[in-house]
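Here's the structure, in structure tokens; my notes come after.
Chains here go by letter, A, B and C, matching the order in which they are written, and residues are numbered from 1 within each.
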Amino acid sequence: MWMETKTEMEKASRSRASLSRRVLNGLMLCTGDMEHLDKYMQDKWFVLQLLVWGLRGVTRVILANNPLSGALILAALCWASPWQGLLGALGVLASTLTAVITGQESADVAGGLHGFNGMLVSLLMGVFSSAGDWYWWLLLPVCLGSATCVFLSSGLSTFLDHWDLPAAVFPFNIIIVFYLLCTGTDNPYFPHHPAVPPGALDHNDTKLVAVQVVRGIPLGVGQIYACGALGPSLLILGAVVLYSPLLAVHAVLGSAVGTLAGLSMAVRHESLYSGLSGFNGALGCMAVGGLFFTFSWRTHLFAVASAFFSAYADIALSNLLGTVGLPACSWAATLVATLMLLLTGSLAAYRIPIGQARAPEHNLRSRSQWEAGNTEERESTDV
Amino acid sequence: MWMETKTEMEKASRSRASLSRRVLNGLMLCTGDMEHLDKYMQDKWFVLQLLVWGLRGVTRVILANNPLSGALILAALCWASPWQGLLGALGVLASTLTAVITGQESADVAGGLHGFNGMLVSLLMGVFSSAGDWYWWLLLPVCLGSATCVFLSSGLSTFLDHWDLPAAVFPFNIIIVFYLLCTGTDNPYFPHHPAVPPGALDHNDTKLVAVQVVRGIPLGVGQIYACGALGPSLLILGAVVLYSPLLAVHAVLGSAVGTLAGLSMAVRHESLYSGLSGFNGALGCMAVGGLFFTFSWRTHLFAVASAFFSAYADIALSNLLGTVGLPACSWAATLVATLMLLLTGSLAAYRIPIGQARAPEHNLRSRSQWEAGNTEERESTDV
Amino acid sequence: MWMETKTEMEKASRSRASLSRRVLNGLMLCTGDMEHLDKYMQDKWFVLQLLVWGLRGVTRVILANNPLSGALILAALCWASPWQGLLGALGVLASTLTAVITGQESADVAGGLHGFNGMLVSLLMGVFSSAGDWYWWLLLPVCLGSATCVFLSSGLSTFLDHWDLPAAVFPFNIIIVFYLLCTGTDNPYFPHHPAVPPGALDHNDTKLVAVQVVRGIPLGVGQIYACGALGPSLLILGAVVLYSPLLAVHAVLGSAVGTLAGLSMAVRHESLYSGLSGFNGALGCMAVGGLFFTFSWRTHLFAVASAFFSAYADIALSNLLGTVGLPACSWAATLVATLMLLLTGSLAAYRIPIGQARAPEHNLRSRSQWEAGNTEERESTDV
């Protein structure tokens, strides 16, 4: 009797364990890069494939690569503003289709690498437009600008390939600056707001509100998608957690570092409250902490340094470009991340070739496997 | 009798055919790159050789390479303004001689590759000078600026060689910007006009005159040599036709595209009327359509896209540099053409190595020969 | 007797000769790169080693590499202003230590290659600060800025290595511009003076004083360390003579050329008097004349040309950056020297690989030895 009960209990616990393991496995399938999806999608309709490529492209903006995260992020953008959601979706589709038409490498297209720049261009065009929401003429520059990103992305990749550097968001930063310069401030067809530099303009007469500053930290994550509402920003952060908790931690950490840097330079309060001070720090921190370098305490320190550089460089560039009414976008984080990838010395030892970079957790696992393999090999050669 | 007549008629028609063939052959000798001339000039006097090198350099500005076209273009410039003609000729000589003295590769010098940047620098110095024509002191910066182009051209070539990119007109664009910055707007020795950005300054109160806009299209070809008169512009276009009709078609097409882009951005009317809106489009279109890529309908579409990019980028850069009173020169077309040369995907398949690029018609012929050779070879190996 | 006297005299003269030879040898040991010191220092305390590395770093600013010269220069800086001397010493230590911590190559660290950018950043932060001397908060950006130089230096080296180009003072130029942009003109914590462009601002009402202009030439050498006093500038020049007389000659020559270029462009008198017109010319002249190219009359001519380019480019860049209140620092000389290193043609034949560049005199000797070896070899193979 006792034995039986025990066996039953064991069975039950085993089945419970297997259930939770199955749930966990199911969850695990939805996290990380979801590479198994690619095999499954191979013989599906083109429209379905395009959808997955597009959703991957949506997450590439925040250095992730997961279609489910992409869907969450698109939902967050639509929640914040349906018009912005539409622009973002249109941008990612326009540039992915252009990549298909101009015959870019299919692996890159399928990985969403030709979608994220177009999406950012579209979102920023919408944010800077002073013609209000649902101004349908804006779809013309949105489509053209997104398509042009593919050309820049392809050309820059060829140039940077020699140092194994990614084109990253350079195309977006170039195109948006050119668009704003091209239309000027009082264009009759495509008017837009000039950017306000974070430097001392209104001399911060009011007192700084600590709660608002802390609120700016998660907003910094949302500002990567030019989204300034708290709810959607938290949803975007949630989407990053789904892809990789480690990346999400670095995003929040980087945003906090960026806010700190902003405080130390006495930038406009508005800049701190809206999260604009934080998003370059977040991007700089994420790029080094886990994505392009295997995670370790050393990499982590370099990631914090990278966040500080990105944040200070962003203030400097914003002040410079602000003199001609231009925003600094994510120039700072992109330049700093590129610099970090070029670094020699102790950081270079952790560098992952950009073609092999996956979710930070996956990078960690593949490195330890690889090192274990190395040790085994060495042992076997010793014998 | 009948037989005899027939034979005579055959003879006559044969002799007529041979005459027309000889005339055609004579004309053919004057078109394209005229490479046969180089062999003929090998053992001639240095002054004669220098003349041919200089005339080749004159045509390199408009992406051609033919001494007769060069003579036509110089005549057109002298027609528009003898002072500008003198400056241009001096510039091309000064920089070609500097290249000889500093020991640049003789094949490059003979191909006129060290003359065209110097010529452009001289022409633009003359156009921007506010000291009037025949201000002899200007010859000093003209000679120095042209000579400096050789240094920049040589250095940039070494840098860009890794991607098989040409130095193009980067040296000219750099030197002219540095010259204008160096002298400032109210220099006591070398005063110059500030550049007026195409963006909304005078708000286009008057109505747009369609005839003037159409007239701006051929003027856009002349503006490549900073020439704003219709007659000389048409003569310059004729010189391009002599080199390669295909290139001339792309020049006019590109200028039209540039004017269209200017209209869509509501630039100053003056900019459209003078052809300044068109010349970057023309250069961008010519570089892709036939010169650096074998001509085909695909290349043609990319050439139109390149013209649009160049034109929009020119408006953007003009607005940016205009804030400090600088002109955008041909920065836009040069950057876009460089980007196009870096592109991967379907355009890259048509890419011609820059050392082997000749007149578009020649490129087409050598490609078809090469492909025919390939097929034959494949067939012979099949057997 | 006569014989004996002769022998004694011979002995005395011999001993005198050997004494002077020994003194000369002792002096010779203190000139040039003092590579023998490195072997001697290998097993000494880390603090002593760090001192030598730092002093080498101090001289690297002026393209020299000699710890004794470094000590002289530090003394000169302290003579001009103890606060500036402190900042300079702190900067060189902060960046050398950062290089050690981030695991940069030890040969580079020992050669002072990671110290000079940090020192320049610190000195310029001190000069531009409007908070007065002994403003201790400034040490914070001084340490951070110097440390950041190591990152830029390492990253840029990887980038430029492909063309065998040095990172040179690019890191310093980038960091100081970013620092000034970041703090803006009226930052509450780190206020600074805006830079005044050399272009026509105050229209030179007063007459030019020739003595003051001549006095600006040695001051141009001191301005390389942002030092505007005559005595310390001469001491710095002396330190260069100790390293290499040939380099010192080029420094003075380049400064004179720069002053001449400034006169020809009618820059502000203040710019000529303070030596600010000369220091880019000096740097451009030194880099080409003997350091990166074996000295010869050809190289000498190119060095003069390089000095002219550097000086004119400096006026242009100062006018450009002055519009947003930024200084041009040594951007001009760094860019021109980089261009010269990329040059093909007759100058390239004299190029020394950057890893093997020593004091100009040493370069000359090693080249003649190498050429002699070559001739011998050729002769032996002839036989």
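Following the convention adopted for this analysis, a residue touches a chain if its C-beta (ideal position, glycine included) is under 8 Å from a C-beta of that chain, and two chains touch if they have at least 3 such contacts.
As the structure is a prediction and not an experimental result, all values here were calculated from the model.
Student: Along the graph of touching chains, what's the shortest path length in steps from subunit A to subunit C?
Tutor: 1
Student: Over half shared numbers or under half: where do the identical copies subunit B and subunit C land at their interface, same or different?
Tutor: Subunit B vs subunit C: different; shared/all numbers falls short of half.
Student: Averaging only over C-alpha atoms, locate the centres of subunit B and subunit C and give their separation in whole Å.
Tutor: Their C-alpha centroids are separated by 42 Å.
Student: Could you tell me which residues belong to subunit C and also touch two or more other chains?
Tutor: Where subunit C meets two or more other chains at a single residue, that happens at 162.
Student: With touch defined as at the start, can you tell me which subunit A residues reach subunit C in the complex?
Tutor: 162-163, 199-200, 264-266, 305, 309, 312-313, 315-317, 319-320, 323, 338-340, 342-347
Student: Residues of subunit C touching subunit A in their complex?
Tutor: Answer in residue numbers: 102-105, 148, 151-152, 154-159, 162, 177-179, 181-184, 186-189, 324.
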